[in-house]
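In the two assemblies presented below, chain A is common to both, partnered first by chain B and then by chain C.
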Partner chain A sequence: MSMAQTSDSFSQTRSEGIGTRLSDTLWRRPGLLLILLLLPPVLWLGIIYLGSLFALLLQSFFSIDHFTGLVNYEFTLKTYAELFTPANFDIILRTVTMAAICTLASAVIAFPIAYYAARYARGRWRAVFYLGIMMPLWSSYLVKIYAWKLILAKEGILTWALEGLHLNWLLDAYLSLPVVGGNSLSVSPTGTFIVFVYVWMPFMILPIQAALERVPPSMLEASGDLGARPAQTFRHVLFPLALPGIVAGSIFTFSLTLGDYIIPQIIGTSRLFIGQAVYQHQGIAGNIPLAAAFAVVPIVIMGFYLWGAKRMGAFNAL
Partner chain B sequence: MRQTFITAVVSSITAAAVATGATAQMTAVGEGEGALSIVAWAGYIERGETDKSFDWVTKFEEATGCMVSVKTANTSDEMVALMNEGGFDLVTASGDASLRMIAGKRVQPINIDLIPSWNTVDDRLKEAPWHYVDGTHYGTPYMWGPNVLMYNTEAFAEAPTSWSVVFEETTLSDGQSNKGRVQAYDGPIHIADAANYLMFHKPELGIKDPYELTPDQYAAALDLLRGQRELVSRYWHDAFIQIDDFKNEGMAASGSWPFQVNLLKADNVPVASVIPEEGATGWADTTMLHVDSEHPNCAYKWMEHQLSSNLQSDLSVWFGAVPSVPAACTDGRGMQNQEGCDANGLAQFDKIKFWKTPVANCESQGECVPYYRWVSDYIGVIGGR
Partner chain C sequence: MSAVSFANVSRHFGAVKAVDGVSLAIAEGEFFAMLGPSGSGKTTCLRLIAGFERPTSGDIRIFGESVADLPPYKRHVNTVFQDYALFPHLNVIDNVAYGLMIAGQGRKQRHAAAEEALEMVRLGGYGTRKPSELSGGQRQRVALARALVNKPRVLLLDEPLGALDLKLREQMQEELKGLQRQLGITFVFVTHDQGEALSMADRVAVFNDGKIIQVGGPEDIYFRPEVPFVADFVGSSNVLPEALVARLTGERCPAAIRPERLRLASDGPLKARVTGLSFLGLTTRVSFEAEGTRLTALLPQDAPRPVEGETVGLTWAADDLHLMRAGA
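Our next item is the complex of A and B:
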């Protein structure tokens, strides 16, 4: 009895309460609600993300005083000019080349896997495929790299296996090649390449698989019915339709390789990549302007890359 | 940048609030404040958790009531960054970090009269230039050690007598070249090792101090390092990666720390170490007190503890380092003995050039190549330029 009375009086006061008026206002002006909901994330993105990005960009227009090592807060393009000194330009070239080669190799390896997973794998096999592709993403990145270091080492598993097959002359011949070779796979550019391709592979397979799943099987059948050989069907039908997926995947592999600074530190020739250069100039030398200028390089490269990718239709599925 | 600015504002406010200003030093040690936070190298502050027999914290806590918390840092640069950030009392800084912190006014002068055991410190360290600046003490010596030449005893029939095995191509006693089988430290401070080698072998360059190089001397050191690049398959950065490389990559020789040598020996890997005829570079660490320390009484109690307790002796065994208190080698306060100290490099003190930050305004030559250049040029050398 008393309960009914209370709830009655409650609803009466509520109809004149501030909450109700607020809710009425928002109902009448949906735009206001939108602004209120969007404001926090926009502020977050604007201040935290873009703000720090611009702070970084700003730093790159300062320079370091070569004599005292102190930052000189005057606008100059000197730091950008430093990027083009031979030693620094090598780092950029090395990183971009590695990123490009890794991306190409990832696409070539990922395509058949994605094709099988999208077209033929059914039921339990499909689950196994998904698990197999995703599994490497669940384990620690560092553990995987250290595992690869042991696999590729001079006295590692791979050498041991090749010795058993009496094939180590093949490895030795390969390692004696200039540029790609080295004392062992784990200290050669090839080693860095292998690990990059392995680590970023899932990021390539999944978008390609998604793209292939959207290709209607009837199109491939129609192509065959019209007399196209499998190679022609692939070139003229399947590949163009899967291209957005490949380009989307390549954005991941390319940008991740551009920014990574851990793999080349553990596996490879000790020659620097862009990420390591940023880390060293910022952390060790206190040369923040040059570190910032280096950090701008991948941003510019990815800007062009995304622009190209957009033209190829990589974002049509979004 | 904004972060630095905020830190600067906050720390200047606290600096104004706390009585211990930038130049004032303590005049008396009072009651402990109940806590003490230390920035230290990994393995430097042990409380018996890694290995029961290595503990130099528990008794200190019981005696003083100062509860010790440790923040480990991997590089000198991390230590400088942490101290700039603030919130810590002490740091175990090497010579390439200590001068930067003194110049940056992140650490305060130490009143050695408040440390009763100060007179037991090795005389050669009491006024070492990496913590004693303009007649003022900025820290208490902690530990020191050499950067030794580690070699594989299967590749070398006899201990190498010169650093040339890591700088110049030679055929080792196992009949194979050293090419691809040596390593070098992946830090710009390694340029000093090259300069130290040249100081011995090319006296005409007139190098007086491997950390104070004129442009000509510096160029000669870089040339030597460019030749070394042809021999080095990987530069070592992380002590544990180097250990792995000596196990799995067939490495024959490298500059290293006694720490790695001891761990590899414990794993029955055939390695040994030596300080060659040219001498070696080394590190000497100093406990320094943050300018805004909130627990200065505990910090002074710790600096006394580090000199008088089992710390010097046991840490020397644990880390492969040399005590800053020579008596700790012999008086049985811990596990170390004379042979152990000698093995870690005690007798070689005079052959060691301790790490310090290269500065433009140098003592021996007037004008030298500053550390900033060392960093960018060493990157070039590793990149093959």
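Our next item is the complex of A and C:
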């Protein structure tokens, strides 16, 4: 047998299609494959996402001529200064306060649920848990909010139920409180708070659960073994180890509350939140620069929030 | 007074009897090993002492005090966990000082004590590292220091050497033994490794199916197993069934014989077929089959070696055949 024949039989004789040749080329140049795989998402992110963000940032440095209603394409910080007028600053303050309170409440409610799911739920109960957490995310956001409107409204289910229990004086007393109260829950800041906490809850539970799942039971036993009462174990071991999950969850609840404009429009007072301000200024008012400046506010706040969380050591356990 | 005593203690998980009617007494200052295959109840016994499990029935006493209603954080025992369970968010010194911090000691004082404990396990100066930056052996030492710094009256060790490689394990065995002698603390040590139990412990309890099968010194367990399970699990002895023993000696009970005590002799009382040979260095291990029983012999290198498939005679000295009682 000659050498030529040997090499012939080695490099397969069947005819090579274009697919095979393409595979061979990619096998020889793995970098090419990486480029092909990454190009579409990078283009998508780069042009559509970052591009629009950049355009937004740019707009916020322009200003509007209040007489003509036309955008003046000259670089200025005038629009940002407008954010600090009492009316606008009030909107920012209200939104940030609401976002902070919602985040805190979500964390407090989500922690025991996540702890149960991570430590005790097994097999079928685990599936039930995931279904229970995720199901609200499958139904339409608007439907859920209107459902809450029906629950919280003056003639709603809650009032009806409390009347049945002869406890409506309790609700009335609460609604007569300043700041948090109102005519009914559905037009009070408390209503907005309840619905925000409900809608964002899965985003808080899941990261905390993921963090707690990585804490082996022996870690908590070790703490008890070394003399720590359950409350001390929570403070010194469980909470620090869950903190990255809590921070991850709070990034969702905080930023989603900062940007939302539908919930406060349907449930709550007529006072504006940042999202509504952005919506109104870019729409009817045609004040794109001010809308852009408003939209930058949550981005800046989140930046500071993450920076602060990192400094506090929230990511040390990662 | 015993350091730890169990009086007819059971721990059942539903239908599973993890620990089933265990009674034992561990003396103060003793190095006590609980040995058994996985699922034999030895770890559950340890967890009962630590307080992570509560007995279904029976009474547990630590230095005479009944601990049935004491949670782990009120017991003067400390545990070295199998996975070490070091706190990943704390550095080494804060891990070791954790118990002292909980006890309310000031930062300076507890760090000094922790540093001393680290020096005892030869990890002085490692305080600022994170557990994730340590090797398995180093983590093991930190876990040991974290438990010992609290000056427990009983130290519980749950397979502490299981995750280490052979060389490190042998070294740690020596060190643990030395520490125990030096400190005089009662050590209760759980392991499935018979070599580890025999080489370190003053006394060994052999567990199977939630029960203690035999308690005794290493030599008792090794040379004088009371039942076939102990002979097989601890000594990897050959176990001869009752019928065979009856024919050879006239006694109606099973018997054990150590592999190194079996010798080849053409006129030996037991005829066996050679089924395999493997070279072990100092000795050659030969497997036999005799009347349906599998036997192993360790032959010195200078002894004549049989051929696979050959039928040979086996013999032994009369006192090497150790008679046992039937049962587990």
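FYI, the second predicted complex is superposed on the first by the 269 of 318 C-alpha atoms of A that agree within 3 Å, B and C clash if a C-alpha of one lies under 4 Å from a C-alpha of the other, contacts with A are read in each partner's own complex, and residues count from 1 in each chain.
The rule is simple: a residue touches a chain if its C-beta (ideal position, glycine included) is under 8 Å from a C-beta of that chain, and two chains touch if they have at least 3 such contacts.
What you are looking at is a predicted structure, and each value in this text was computed from that prediction instead of being measured.
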item: Side-by-side fit of chain B and chain C on chain A, or clash; value: fit
item: Which of chain B and chain C A:P240 touches, first, second, both or neither; value: second
item: Touching partner for A:Q232 - first (chain B), second (chain C), both, neither; value: second
item: Partner chain(s) touched by A:R271 [first = chain B, second = chain C, both, neither]; value: first
item: Contacts of A:A222 with chain B and chain C, given as first, second, both or neither; value: second
item: Vertex chain A, arms to chain B and chain C (CA centres, degrees, nearest 10); value: 160
item: Comparison of chain B and chain C by chain A residues contacted; value: B
item: Closest approach of chain C to chain B (Cα atoms, Å); value: 45
item: Chain A-touching residues of chain C, taken from the complex the two chains share; value: 50-52, 71-73, 77-79, 81-83, 85-89, 98-99, 101-103, 146-147, 150
item: Parts of chain A lying in touch with chain C, wherever the complex brings them together; value: 216, 218-219, 221-229, 232, 236-237, 240-241, 316-317
item: Contact footprint of chain B on chain A as seen in their complex; value: 52, 55, 58-59, 64, 66-69, 86-87, 90-91, 94, 149-150, 153-156, 182-184, 186-187, 265-266, 268-272, 277, 280-281, 283-288, 290
item: Partner chain A, residues of chain B touching it in the complex; value: 1-2, 75, 77-78, 81, 180-181, 186-188, 232-235, 237, 241, 244, 247-250, 360, 370-373, 375-377, 379-380, 382-385
